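Paired with chain B in one complex and with chain C in the other, chain A is shared by the two complexes that follow.
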Partner chain A sequence: MSTYIIRRLLAMIPTWLIIIFTVIALVRLMPGSVVDILLQEQGGQGQLGGRANVERNELLKRMGLDVPIPIQYLRYVGGVVQGDFGRSLWSQEPVTRLIAQRMPVTAEVAVLAFTTAVIIAIPVGVLSAIRRDQGTDYLLRGITVAGISVPGFAIGTAIILFPQLWWGWGVSFNYVTLTEDPLAHLKILIPPALVLGIQLSASSARLTRTMMLEVLQQDYIRTARAKGLIESTVIMKHGLKNALIPVVTVFGGQIEGLLGGSVITETIFALPGLGRLMVNSINTRDYPVVQGIVVMTAMFLMMMNLLVDLSYGWLDPRIRLR
Partner chain B sequence: MAIGIQIEHDVRRGIFSGTAGKVLRKATQFARRKPLGAFGAVVLIVLTVVGVFADVIAPYDPLKQMVGPQLGSPSTAHWLGTDNFGRDMFSRIVFGARISLLVAVGCTVLVIIPSTILGIACAYFKGWFDMVFQRVVDAVQAVPGLILLITIVSVLGGGMWNVIIALSLPRMITSTRLKRSAALQVSSQDYILAAQASGASNWRVMMQHVLPNIIAPIIIVISLSFGGYILAEASLSFLGYGIAPPAPSWGNMMALDARRFMLTAPHMFWAPTIALSLVIFGMNMFGDAVRDVLDPRLRGSR
Partner chain C sequence: MHSIVNRRSAIKGIGVGALGLAGAALFGCGGGSNAGGTGQVAAGKSGQVEGATSGKGLPLNAPVVQGNKKEGGVYTLSGGETTQVQFDGHTALAGNIHHVIGEKALEPDPVTMKIKPHVVQSWEVPDKGGLTLILKLHPKLFIHNKPPWNGRQFTAEDLAWNLERHRGLYAERLKIPKASFQRASMVENLIKAEAVDPLTCKVTLSKPNASFFNGLLEVRVMLMPREMDDIGYTDPMKMGNIGPYEVAEWVTDTRTVFKKNPRYAEFQPGQPHFDTFRTIGIPDTVAAQSAFISGQIATVGVGAPDLLDAIRRGRPDANLYTWVDSNWFHVRPSCDFPPFKDYRVRQAMHLAFDYKRQGDSEYGKDGGWAYMAALHPAFPEGWSSDKVQSIAGYNPDTKAADIAEAQKLMAAAGYPNGKGIGYEIIHGGSTNNHALRWEAMMKEAFTEMKPVVKPLGGGATFANRQAKGDFTMLAYTITATTDPVIEMISQYRTGGSRNYGNFSNTDLDQIIDKTISELNADARKQLLEEFQQKWISEWRPMYVMHANATKTMVQANVAGFHEIAGTWSAYNAQNKVRLLQYVDK
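Coming up: the complex of A and B.
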């Protein structure tokens, strides 16, 4: 087991070096240099002659942008290994601190969305499977398919639109932190969590149904019924437990979608999370922040994938990880 | 069942003769077994027809302002109403279909050819090339899709063709994995050894012997990916990184103005939302049905 984990962790290193290189190259290929934007903000003439040019070189040097990209890459990797992701080119704040400030919002929404999804998806999937090809099944399948098809930004806009139209109750856009007012804080996070949760539950409910159907055909289910167990025990203890393994994978795979989707929900609901930070940093060409977010989310995702794989072995002793 | 047998009978009698009859029979069978898939196919056909003949179908120029009242509700002159610039919403939806169609087709073409060749090459040659390339695939898969897309679009700049390229680049790399695993199974077969032994070149073995045997999963992936491309373009355009206004992309039509006027002119929001959801629903159902028909083992893998 531990050799498996160590091997997986070692295999992450090249992947992670490729990610850093790609993102450094991509960010620098973006048109419009941050130096010019900065100089213009300060009233300088940007790339125009003489004095401005000296200032420009000065600025480039201070930001560490005057050396070739491969050197910048090595310096960056060296920093990251020591936990130093650089500083924002605009606010001079360390990238790690910026991310740490925004991370809780995104994480809270993700956890709430996950909870919503589990609460909806598993009962819906199980019910759909036991009522296979009956009215309930068709209805539930119809709803889940619709949930997959309606884009998140449409659901989000609808969640803002309908309560306002019907009850004159608007979603609040003024972010309040948890410590300031826990209730108001939750009220702000629930709508975006619902948007992500609905989407997540749709795909997971479909998979729960498929897996449940497969498991219910197995011999051990027949054995359980034959020895006279009541149906609910058969379904919950013998059926659901075995159907959940692939569902765990799907939930694991959805973390990527939750992080990507946070860009959209945080834009719609004006939440100060990672997604918004990413969008703002791209717009202001804040290279270190963009790099930091991409590298950290990628590391996080790789770790989650490892955890998902490890959870197989725990859920199903038949699976041996080597 | 009865209709199927009847048709099969008719085919033998030669009423539906040749390929046309075969196609028709296949289509009827498909529609009966997979009603939702058939619905998806109809959506795909409608999208194609509307997209190709947008100029003929749209009653107004989608970009021309003040062809009707501002924020006008749906009427006989303007079936889906008008927007805040007095543009005809129906015409904009119709031209939006063209954009979605071009995005889906463009991305598919750009993705499928290089990823198939690369995937087969990885499986066929194995060794260091495969090792290195698989780490690149890992890297692309590890970055959240939308974040990567926004970064690439910021490099390339907006506009439809750039969005198509941006959507294709990551998929070009990640979708090699499926082709690689399919090709791996095939390339250990005896007929591949036989082809190599009889002196066929690597390229010939890959294209003439491996490729035809992995066509089924390739078709499945193509049909499952249409909806994803259309949704990704809409998401990017909604966020303001994709196809910029005034071009009538469904995604950007749902963005700023639609949300600003959503209480006074809700049709500005509903028209593109319903069009987009319907198309994505149709594509998903079509893709699922194609997968079920071509490879029952993969059922429910999504």
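Coming up: the complex of A and C.
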């Protein structure tokens, strides 16, 4: 197992280097000169997080753009290896600190959304499978198809607007931290978590149903029933556990969707998370922050994929990772 | 007790004889009483503000809220993004922290545009040539009670520092590019400002500037304490100023909380009314609407007709305030593009464009927009909306004939039906609808013309190309300055800072140069009239689609908003929260 983990970690390195190269290249592919845009947008106001000179050459130097691209790339990689993702062009704060400040909000929403998705997807998928081709099955399948089809921003907008217009219940936009007011904090996070969770649950519920249908036709399920086990044990212990491997794979992959969805959700629900930092940084052309978020998110997702792979062995002892 | 400053007493100096009363009107038009600084907008019998602009064709709907007024409370607005990254009050492009915590030297009446004494309580023009100005400060201006000021008085030294810094005189020392001081033209010709005594500031000009006091009205010419350069412009918690509220809490992307400045009432008696003023970051439009309906925020902008209906359904008791803002939308041709160098082509496109169709389709049955040609109709010298509407091209009743004339002009210029004219209309996003309507109407009128709308993803990309003049045509919006001559200089003079289309005309430049130095009001008005006439009949450097309508829904329990409403209230409405208070309904 440890050999497998080490091999996977080593295999991540080239992927990670390619991602960094792609991000750096994309910044330079932006229409017009990034430096000129920055000079106009922020240098034009004479401020770079304080009293700094905003002459073009200095900005080039500060951004690390005064050397050839291969050198820029190597410098950035060297910095990242040492935990230095650069500094915000606006606030001069280290990118790592900015990300660390915003990460908790995004993580909380992601955990809540993931929990919501699991709570919805597994029972819906199982129920739909054991009620195959009955009214319940058709209803649940219809709902999940709708969940897949409707984009997150539309669900978010609906959750914000319609309860307000119909019942006078409004989402709170005055964000408070967990330590300030735990209950208010939770009330603020639940609507965006629901939006992301509903979306995530829809496809997972469909997959759970499909896998359950397949598993329920296996010989060992027939054997379990023949042994006289009660139906719930057959379904949950022998059926569901074996149906979960592909579901877990999909869930793992959808963490990426959760982080991507946070960009829209956090903007709609006015949450000060990583997604909103990303949007603001793009709007203000704060490229070190954009690069930092993309690179760190990529690293996180690669680690998540590894964890998903490792979970297979626990779910199905027949699988041995070498 | 405030001094009463009027047009004549303000200029009781040795220059009166030379300048004459007409000149005095330009230099010292701070008229009327400033008691309480509550503006000059009066409630009419109908409970609506009687706008002095009605004769100019500008709509103003500003209900006066009645009820038992209460002191205190928390007033909350949506602040959009609270990551305000432009902290320097003198170089900021847009809304800035100092717009909330600071003050301007003078205030315009938001409806009549009359200058009202404010931080500068009175002024004199003591020399004949109009090269020296004496500004007297209000004696009860105190900077917020935090280090390094600890409540010290705002003095003439602070004012002098502000005026010189706005002019860009410190650019080299501060290592800030001179071009960053975008409001430098508001204090045109200023070469020196110095404190004569703690409350008196002497300003020296290189040449007369008839627009000087109007420049001080501009919403982005904010004052700051002179220590701000040492403190820096990154941490809002360290910032201080003389305004009604001081920063109490700053949470990036979440909220900014301001608490009442306890000594502000010594400057403006009884103000501010709310104990706390708070902005919360709500970047999404729908979220802001929902926040308004649920009562979490006090105001919400309602531009589109369907949005207004939705808000009315959700919050039927809220009040709608409508006025024509100082913004103006336009489509600007590049005069470097060969076909657009020809006046006939530019005029033909004007005649073909249907301004009424554009305005009505954007603002719906409630209207609110105004016709505009060279100068914003809210300028006292600007042509009224009604007058502009009567001119060929603008007049909806003669549109068919105008289009026929346009086709003749286009053919005479060598482009029959627009053949051979292909161009892009770039925009940064917010003016997409204008670009699209322009494209559609040009294609209707000139079947061979090939206009193509090209959205440029980010505002910065658009701004970059605009600044470089890298376009054939663009759609954008401008916030009018507070003086028509300053506006003319930046928009139309050869090399003007916002003359993005590189329009150049010697005759026009000469008129502008004459106007800025003209101290005789009648002569200045005549020059402005000539400018506006030639803008239409000889130059046609751009197409102003309309002056912008502003529509704001305000919660029913907020009183005093009618004092904010008006053309010149843009940008610093947050500064005017001091005028508002809650009422029991």
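Throughout what follows, the second predicted complex is superposed on the first by the 296 of 322 C-alpha atoms of A that agree within 3 Å, B and C clash if a C-alpha of one lies under 4 Å from a C-alpha of the other, contacts with A are read in each partner's own complex, and residues count from 1 in each chain.
By definition in this document, a contact is a pair of C-beta atoms (placed from the backbone, for glycine too) under 8 Å apart; a residue touches a chain by one contact, two chains touch by 3 or more.
All figures in this text were calculated on a predicted structure; none of them were measured in a lab.
Trainee: In the overlaid three-chain picture, which partner chain does A:Q134 touch, first (chain B) or second (chain C), both, or neither?
Mentor: A:Q134 contacts neither chain B nor chain C.
Trainee: For A:L161, select first, second, both or neither according to whether it touches chain B, chain C, the two together, or no partner.
Mentor: both
Trainee: Check whether A:V294 is in contact with chain B, with chain C, with both or with neither, and answer first, second, both or neither.
Mentor: It touches chain B, and chain C stays clear.
Trainee: If we overlay the two complexes on their shared chain A, which of chain B and chain C does A:W90 touch? Say first, second, both or neither.
Mentor: Second partner only, chain C.
Trainee: Just checking: does A:A270 make contact with chain B only, chain C only, both, or neither of them? Give me first, second, both or neither.
Mentor: Second partner only, chain C.
Trainee: With the two complexes superposed on chain A, say which partner A:N280 touches: chain B (first), chain C (second), both, or neither.
Mentor: Touch status of A:N280: second partner only.
Trainee: Taking the superposition as given, does A:S172 touch the first partner, chain B, the second, chain C, both, or neither?
Mentor: The answer is second: A:S172 touches chain C but not chain B.
Trainee: Indicate the residue numbers of chain A shared between its chain B interface and its chain C interface, in ascending order.
Mentor: 30-31, 157, 160-161, 164-165, 267, 279, 282
Trainee: If we count contacts the way the header does, which residues on chain A are in touch with chain C in the complex?
Mentor: Answer in residue numbers: 30-33, 36-37, 40-47, 49-55, 90-92, 157, 160-161, 164-165, 168-175, 267-270, 272, 276-277, 279-280, 282-285.
Trainee: Give every residue of chain C touching chain A within the complex, in rising order.
Mentor: The touching residues are 76, 78, 81, 83, 85-88, 91-93, 171, 174-177, 179-181, 229, 232-234, 251-255, 280-284, 286-287, 289-291, 293-296, 310, 313-314, 456-461, 463-465, 467.
Trainee: Chain A touches which residues of chain B in the complex?
Mentor: Going by the criterion above, the answer is residues 36, 135-136, 138-139, 142-148, 150-152, 154-155, 157, 227, 231, 234-235, 238-239, 254, 258-259, 262-263, 266, 269, 273, 276-278, 280-281, 284-285, 299-300, 302.
Trainee: Using the touch definition from the top, list the residues of chain A that touch chain B in their complex.
Mentor: 14-16, 18-19, 22-23, 26-27, 29-31, 145-146, 148-154, 157-158, 160-161, 164-165, 203, 206-207, 209-211, 214, 256-257, 259-261, 263-264, 267, 275, 278-279, 282, 290, 293-294, 297-299, 301-302
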